[in-house]
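Pasting the structures here.
The following pair of complexes shares a single chain, chain A, combined with chain B in the former and chain C in the latter.
Entry: the complex of A and B
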C-alpha cells in the first residue's frame, strides 16, 4: 500500500508492527487515509494509527466507526473526526471549525485550541479541548459531552438539546441561547446568558456527574464545586405571546 | 466562501520573499473560491514617483504609446511597465490625479485598479495560481500585502468584481462575507462625492474606510466604524501605505486565523494558508475575536 510509509515511520522512531500504521499526508492524499480507515472491519488488528503532516487538512479521520486510536501529529482544518463512532482521536495541535461534528461515540482530544462550532450536533462520545474553543462550541449538541480546559466563545450551546458542556475557563456572550435540555457547567465568568438560559442549583447528582466528566477528561486539581450550572428555564417550549421578544 | 490572506512583514530580510510567500498562501486557499483572484502588494517607495495600476482587456491596443501620449498631455515624465492585462504607470507625485483623469480620457476602456506611492494591484478572473503566474507575483518584493480568491455572492464574476478593492491612495481591502446595507451606505458615500466602479458590496466597504480616513480617522478608528455602520457578515483585511488591519463582524461566522512572530503578522481564512510560513510551528496562532479591531503599522 503506498499509504504506509514504513521507513519514514521507523526513521522517526515509531515502532511499526501489524497493529500500528503511520500515514503521511505529505506523501499520500487524504482520501486514501479516510478510505483505509473506512475499510477497517470489526476485529481488525490495525488498532493504532498515526497521521503525519496534516498541515490544516480538512476532514481528517472523518466517519471512523471502529474502536481504534488515531494520533494526528499537527494541526487540522475543518471537521476533523466528524461523525466519529467509537474511535479515540488525539489531535496533537489545534483544530479548525467543526471538530467532532455529529460525533456518535468514542472520544476526540484536541491538545491545542479549537475553532468554531466544536462538537456541533454531537450525539455521544467525549470531546476534550485542552486549549480554548471558539464561538458556538456545542451548538445544537444532542448528547455529546464536551470538556474545554480553557475558554469558549459566544453563542456556545445554542439550541443545545442534550449532553454536557464543561468549561474550566470563561464563556462568551449568549451562552445557551434557546437551550432545550443540555447541562452547562462553567467555572469562570459568563459574558451573558442567551434567551431562556438560566443559572441552576448544583445538586449532589450534578456534582457527581461533573466530577466523572472531569476525571474522564483528565482534569486534575479542579473540584466540581468550583463550577456553576446553567440550563434551560423551559419557557420557550410552547409558544406564548408573552415570550415573543425572547425568541 | 472566498479565501483571504494577508502578510505584514516586520523583518526586512523577508521583504524579497513577500510575493512568493503571499502567492503560496493564496494558492493554498484556491478551493475556497474559483471565480477570480487578486493580490495587492506594497513595495518600497520610489522617491518622487507615484504609481497607478491600470487594466485593459485589450492591452496590445490600450497600453502601446500610452506613456508618450500621457507624458505630453500632463507635461511630466511617465513610464509604463506592462504585465499581461495590467500595467503600472509611474509619474511624479503632483501629477498623479491629473494622470488618472487623462488616462480615462485617452483610453476609455482602461480600468484603474488602484493608485498610490507604493501599492500595485493585480486581479483577474481565474484561479489564484493562474493569476499569480500571469503577473509574476512570486518575484515581487515589498513590506506587506493582501490577497483574495473569490466565490462570487454579490455582483458579477468580472475583473472589476474581483478583490482587492482600492478606493483611496494606497488603500485596499479584501472581504469574506456579504453586506446587507451596502446600497444605503453607497448612496450616502455618493452624496459625499465618492464614485463607484461596480455594484459590489465590498467596494462599498473599501470606500467607507477611505471616507473615514479622509475625515481624519486612523486605520484602527476607521475599522471600528465598520462595526456600527456596516451590516452583514464580514471578515475584512485591509492594507494602507504603512498599515495592515483585520476586523470581523460581531457574529463572526466567517473563518479567520492569525499568526504572529518576531518576523511577521499573517492572516488566513484557514490555518493551511499559514503552514509554510517560516517559524509557524512556534508562532502565536489565534482566532481573531468578533467585533475586535486588530491593526499594525510600520
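Entry: the complex of A and C
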C-alpha cells in the first residue's frame, strides 16, 4: 500500500488512483464506503483500500466479496468485516463486538484487542487477533480458523461446529461448551471446560495443522507442541436422559 | 333382605385425564419429555370468539360480486429501497428445509408464486427448490445460522431476523438424528445423524441495542435494498414490538402460541407464550404509541385458518397474516388418505405431529426419499394456491359486507366478541354491549 496523502483525501472525502483508494469516514459516510466496496467486480484494478478515521464506526467493510486488501487505520465498532468473502482486512487498532462474524473466506487481522463474539458463526477464512479477545470468541463457529495471540474470555467456542480456534494465552471459563467438531488449541491455562468439551491427544496431524495455522497467522517463536488440544467428547450428540446433568 | 348401594358411574378426574395419564406413563417409561411438532393443541381464545358486524343502515355494504375490494399490501416501506409488494395479505411462514422435504419447499414456492405472495426459508438455509420457485422469498436470519451466507442474503427479497417462534418463545429446537440426511448435514455444517440442538438466542447480540447494530450490518451488506423483518414469539408483544421498531425493523412479525414449530417439547408448546388473539392489540398499540402504525408493517401468525381469521386480524390492525400449519395441510399434511399409515405410527390423520421423526406418511416433513415421492410439488402447489385464493375471497366477502373497498379498511369497530376473554384480549366490545373489558389497559 503506497503512502496516502491524507490532506488530499480530506479535501475530496476520498482519493483514488489506479490501484489504491482511501476513504475518510470523517468526511464520507459509511454507506458510501460499503457501496463502493460492493460495486467492485471481479478483475477490478482497485485492489487496495484504506479506511481513515473509523473512530469506532460499526459495520465497516461488511459483505465484501472481492479479493482486495483493506487497511483500517484506527479502531472499529461492531461487526467490522462481517460476512467477509475473500478480502484481506487489517484493523490497525482494536475491534468491537462481532468482528468477522459469519466470515466466509479471506482474512481479517486485528492489530489490537477484540471485543465479544469475534468470528461468531464464521464459516471460513482466517481471523487473527494480535491482542486479546473477550468472551464468546468463536461462538457457534462453522469452519473459520481463529488465532488469538493473547487471551480469550468465557464461553468461547460455545456450540462450535467446525473450524479451529488457536489461543496463545489463556482461555476463560466454559471453553467449548456443547462443542461439535471444532478443534480448540490453547497454549495457556483454561478456566474451565464446558459441557462435553474434553482435553484430547495431540497427534502428529494436529501438530502439523496447528503449525500451519501459526505460520499463516504470523506467529513466531512459538511451537505447536506447547499447546493442548480440546474437543468434543461426543457424549451429548444424541440426547440421553442419563446425561441431562451435563447441561 | 339386604340393601346394596347403587353403583356410581366411574369418573375420571378432570385434572388427570386420559392424555395426562398417558403422558405420565410415557415419561416414566422413557425418561424424556415428549418432543413434537406443531403448535398448541389446547383450546385457546381465538378468532372464532369474534364476530364481524356486517353493514345495514348505519354502514353501507358493497356488492359482493361486483364492487372492488383491494387485497394488496406493501411490506418494508420504512427504510428499504425495494419494499415487497404482495397481491394478498397472506404470506407463507418460515419452515425449514430439513424439517420439510425439498419437494414440499418447492410446492410452497409454487403455490405462493401463483398467488402473488411470499415464502420464507427457515432454519436450514436457502435451497434452490425454494429460490427457484418463489418469486418473493424472505430469508430468515436465525440464532443457529445454519446455512447462513451473504450470497443467499443478496438473493433474498427480504430478511427476517428471527428472535423467537410462537410455539416456543425463548426456546431452541431439537431435530432428531434420523432426519439429518447427507444434504441436511452439509447445509448445517454438522455431523450426519446427530440430534440437532438449535440455539435459543443469537450468538452475537444480546439485547435491543445490539439488535439495532445487527440490523444496520444487514442493511449495509445488502445496500439498504431489502426489507428487514423482526419476528418474535408472542409473549410480551407491546414491548417486543416497540423494541423491534426502535431497532429499525421495517416489519414486525408476531407469532402467537398457536403457531407451529418443527420440534420442541410438548410442555413448552402448550404452556409458554400468549394466544395469537391476545398479541395483536398490544402490538398495534405499541405501533400507534410510537406513531408507526402502517409505517412499520405488522404481520401476525399462529393458527390462521380461513378468510374470516384474515379479516378479523386485519380489522384488529395488522397489515398481513402468515400461515404455516394451514399451508402444510393444503399441501396434503395429515390427509385422511394416509390413515392406515398414520395408524401404524400410533396416531390418526389430523393428530400426527411427530414431524421430527422423519416418517411423515404424507411425504412433507421428511427426508426419506421414498416418502418424499408421495408429494407431487406441482399438484401440491396448485392446492396451496387454491386455498390462498379461497381465503382471500372469503376475507373480501366479509370486508365488502362491512362496506370496505380494501381489506385494510377493516377496523376494530367492525368486530364484537362472544366471550369476555376475547373482548378483553381483542379490545372490542362484548356482543350486545358497549363494554370492552380492560379498555384502559391491557
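We adopt the following convention: the second predicted complex is superposed on the first by the 232 of 247 C-alpha atoms of A that agree within 3 Å, B and C clash if a C-alpha of one lies under 4 Å from a C-alpha of the other, contacts with A are read in each partner's own complex, and residues count from 1 in each chain.
Simple rule for what comes next: a contact is a pair of C-beta atoms (placed from the backbone, for glycine too) under 8 Å apart; a residue touches a chain by one contact, two chains touch by 3 or more.
Since this is a predicted model, take the numbers as computed values, not measurements.
Contacts of A:143 after superposition on the shared chain: chain C is touched, whereas chain B is not.
When the two complexes are overlaid on their common chain A, residue A:75 makes contact with chain B while staying clear of chain C. In the superposed model, A:239 lies in contact with chain C only, and not with chain B. In the superposed model, A:134 lies in contact with chain B only, and not with chain C.
Shared-chain residue A:229: touches no atom of chain B or chain C. Once chain A of one complex is fitted onto chain A of the other, the partner contacts of A:56 are limited to chain B, with no touch recorded for chain C. When the shared chain is aligned, no partner comes close enough to touch A:206: not chain B, not chain C.
When the two complexes are superposed, the chain touching more residues of chain A, out of chain B and chain C, is C. In the superposition on chain A, A:94 makes contact with chain B only, while chain C stays out of contact range. Residues 77-78, 97, 116 of chain A touch chain B in one complex and chain C in the other. The residues of chain A lying in touch with chain C in their complex are 30-31, 34-35, 38, 58-59, 62-63, 65, 77-79, 82-83, 85, 97-98, 101-102, 104, 116-117, 120-121, 123, 136, 139-140, 142-143, 158-159, 161-162, 178, 180-181, 237-239, 241-242. Those residues of chain B lying in contact with chain A across their complex are 252-253, 255, 257, 270-275, 285-287, 289-290. The touching residues of chain A, counted against chain B in their complex, run 55-57, 75, 77-78, 94, 96-97, 113, 115-116, 134-135, 153-154.
Of all residues in chain C, those touching chain A in their complex are 30-32, 144-145, 148-151, 153, 174, 177, 189-191, 194-195, 197, 199, 203-205, 210, 213-214, 216-217, 220-224.
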